[in-house]
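You will see chain A twice below: alongside chain B first, and alongside chain C after that.
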Partner chain A sequence: MPLQVKRLLIVFAILIGTMFALKYFLTPESWREFGPYRGNALKEIAAQEAKYIDTKTCAMCHDLIAELKNNGEHNSIQCENCHGPGYKHIDDQENNEMKIPKGREFCIRCHARNAARPLNIIKQIDATEHNIGEDCITCHNPHQPWL
Partner chain B sequence: MAIKKENVSRRDFLKKSSMFAGGVVFVSLLNPFKVVYATKKPKGKGKWYGIAIDIEKCIGCGSCARACKTENNVPNEPFFFRNWVEQYTITNDEQVMVSSPNGGIDGFKQAVPDEDIYKTFFVPKMCNHCAKSPCTQVCPVGASFESPEGLALVDQNYCIGCGYCVQACPYGCRYIDPAKGVVDKCTLCYHRLQKDLDPACMMACPTGARIYGDLNDRDSAVSLFIKEYNCAVLKPQLNTDSKLYYYALSQEVH
Partner chain C sequence: MNKLQNLYEALANVEGYIYPNEIALNWDLLIVMYPYITGLVAGAFILASLNRVFDIKALRPTYEISLLTALSFMLVATMPLISHLGQPFRFYEMLITPHLTSAMAIFGFVYIWYLMVVLLLEIWFDYRYDMVIWSEQKKGFMKFFYKALTLWVSDKSPESRKTDDKIGYFITVIGIPSAFLLHGYVGFIFGSLKANPWWSSVMMPVIFLFSAMVSGIALVMFIYMVINFIRRKKNDILCLDTIAKYLFYILILDFTLESLDQIHRIYEADESFDILKLLVHGKLFFTFFIMQIGVGTIFPLAVLGFFQFKQPSEKIRKILYLIVSSAVLIGIFFMRWNVVIGGQLFSKSFYGFTSYKVDLIGGKDVWLSLLWFIIPFFILAFLLWLLPPWKKAKHVEG
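Here is the complex of A and B:
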């Protein structure tokens, strides 16, 4: 074998060896557990805390008000949809009060007349005419609007 | 070494080149050109999540976008979203207008008077969790991937924040988190699914316009919905194999 080829082969061997060494040290743990990514990433994402609980958990303490809601028009809405996430409230009620939205603005997010809102799905009012200045909750009980 | 030209006859040349061409064809037959999937759909067991949205039921309240922001710590301002709602308005003179003020979280106000409207509707948008996702294919470090359940996820501890995937997503469903400097996107609330809870947007929808479930299971809510209603996906020409199915989707939506 000519000398220059021998020298080149040595250089190639060193380069390839370095590549394998780098690959060994730089490939993160659990790489290719499921595919070309860190398998542990799935566990890390799954470990995040869930903030919204569910209406059943709310009803364990607030049973009467949950029953009122579930028998009314708002039965498809979850408690936390208006009152905010309850993951802190279930452990410590005193320091983590739930939101109680009262303003008109909150109700008309859903109930303001908009041509894109299907009339058979949601009842709508013209927010510029319907009892201007009044809060909705003076007439309607938010847990059962037609009570 | 000089090439001896006289040794190459026409017959030899044709013979060798046809052998080479035949070899190429033979190899391509052995390994036919397959479609590139980011992850393969599991055969038999294993979940394969899909989403369906009923546009006729959407009232544009923005509960989904609000719940998602709260659940997943999406920054409130500047306005980044994992899911959001758009209102499409087609006027009588055939103009298409799209509005999404703050992604719909503060409600919508219709600027066009009712008599000028030909058609108007809400379209909730979110990650399509494509099976052939363009966003996961471009990631240079393997931080963007598809989970075995068919969800396009981001490994935020590994992402370098280069933003290739943000540009690659044809649906605009990714953003760079300004605080962390890495990409963030819808995970279909993977952390909730693993705890047997519904994703935040599905839980928050008051009219049941959003449905999700296992596409492998013929009796899941989403499979039955797709079977019953004639659904379409966004940008089917891009061949992304999107798993977000819209019922009553208009041609104007893009």
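Here is the complex of A and C:
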């Protein structure tokens, strides 16, 4: 075998060896536990603390507001959609106040006119024309917008 | 009111009915650069193999330039992808955890095979003898560097050169299907996405391959002329004419295949046809009809076709070759653009469009894309300095 080929084979052997060493040391621990991905990823996601509670839990204290909301247009929306995660609030209300969005921008997220939104399901306005400068909650009660 | 303005600006760019997750494009300019750069690699390599395997002697002056160009672009081919990733520092996991369940996960194999087994080996065998000579001539660090590059083999015998040539030839033969595989694979990634009617076509790998050949050949033609200009040497006009001839042939094939794909789509006229028709006549009109077909295909075809019948003076031909090669490079860039960006502009509902505008200020995509396109030229300049083709010893047949 010519010398240059021998040397090349040695280099390739070193490269392949390095690759196997890297594979040995760097492959994530739970790779292929279930399939071609990190098995631990599932456990890590499952172990994450649930940050959202449900509307029924909110209603345990805020029963009047919940009743108002349940009879209004926003009945299918979860409290936490607007007020943020409530998992800390249920244990300690003093130090974990819920968000109360009051600005125009917040309502516009859903109610700005958008051709891709079905009009018969979501009421939409042109925010550049509709009562400019006014907060939506001046006229609409967010828990029952047509009250 | 900033949020409101942003929202309204985003919505102003949306037409008709689209799903919320389609407003912003996931694959931006960087993903356009990836098939573009990979195509340049495959095309430049195929030009080199035309000389080596198919023994087209007129192309000899571009042989090493083609290989070094292919290597320079190959070294950065993955960078647009890596810089587009949300987790760029995990890229190596793709190489150490190979599997066959996803087309994208196979890229690691294709890339390593092509870089390590084809390009580097071919260049090494081609330059081994010269590197031995240079290691004897140079002093200090460069002497050591060339010696290291030869792997401390100082054999200069005619037998060893013949062995180099034979192995080099063998690698080029393997290299041709490998180059086809490399770029056919890039086309396959798009062609195999059955959810997207603009991409999903069995023609896609073949179209990508031929457009890669066209762009790579144009790039080498361009670089060859620029190198001669910088070195103040005369261009070998026979070589340029031969490159132009092959560029012309492959451009015809490329144009035919792309037309076939479009004709098939038009004739089939399935449920996605209306939206695609609106797409190419609307949002893609400039990039598709003017840049890709006009500048990148019809103009070069007309010029190169004309040269096949009547040849103007050498000087005019050279100038036109420079213009044509640039036009082809621009045209193929827009072909990639039309595929990658075009495929994301229409809604999967087939009832609406979003839009894409590259961010010139504050956007990472333009600057990174430019960076990854410019860096290969610096690498090439370094390689040409390290391994100058014009200082090579005469070739010995194996």
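Here is the rule we use: the second predicted complex is superposed on the first by the 102 of 147 C-alpha atoms of A that agree within 3 Å, B and C clash if a C-alpha of one lies under 4 Å from a C-alpha of the other, contacts with A are read in each partner's own complex, and residues count from 1 in each chain.
In this section, a residue touches a chain if its C-beta (ideal position, glycine included) is under 8 Å from a C-beta of that chain, and two chains touch if they have at least 3 such contacts.
Fair warning: this is a prediction, and the values are worked out from it, not measured in the lab.
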Which superposed partner A:85 touches (first chain B, second chain C, both, neither): first
Partner chain(s) touched by A:45 [first = chain B, second = chain C, both, neither]: first
Which superposed partner A:34 touches (first chain B, second chain C, both, neither): first
Touched partner set for A:54, first chain B, second chain C, both or neither: first
Which of chain B and chain C A:95 touches, first, second, both or neither: neither
Superposed model, chain A: greater residue contact from chain B or chain C: B
Partner chain in contact with A:11 - chain B first, chain C second, else both or neither: second
First, second, both or neither for A:76, with chain B first and chain C second: first
First, second, both or neither for A:128, with chain B first and chain C second: second
Which of chain B and chain C A:112 touches, first, second, both or neither: both
Residues of chain A at both interfaces, chain B in one complex, chain C in the other: 28, 31, 35-36, 105, 108-109, 112, 114-116
Complex interface listing, chain C residues touching chain A: 1, 3-4, 7-8, 11, 14-20, 92-93, 95-97, 99, 101-102, 105, 116, 121, 124-125, 128, 150-153, 155, 159-160, 163-164, 167, 352
Chain B residues touching chain A - in the complex, by the definition given at the top: 39, 56-57, 59-63, 67, 70-71, 87-89, 106-108, 110, 114, 117, 120-122, 142-148, 153, 155-158, 187, 189-192, 194-195, 197, 200, 203-204, 206-208
Touching residues (chain side chain A, partner chain B) in the complex: 28, 31, 34-38, 41-42, 44-52, 54, 74, 76-78, 80-81, 84-85, 105, 108-110, 112, 114-118, 121-122
Interface residues, chain A side, partner chain C - complex: 2-5, 7-8, 11, 15, 19, 22-23, 26-28, 31-32, 35-36, 104-105, 108-109, 112-116, 127-128
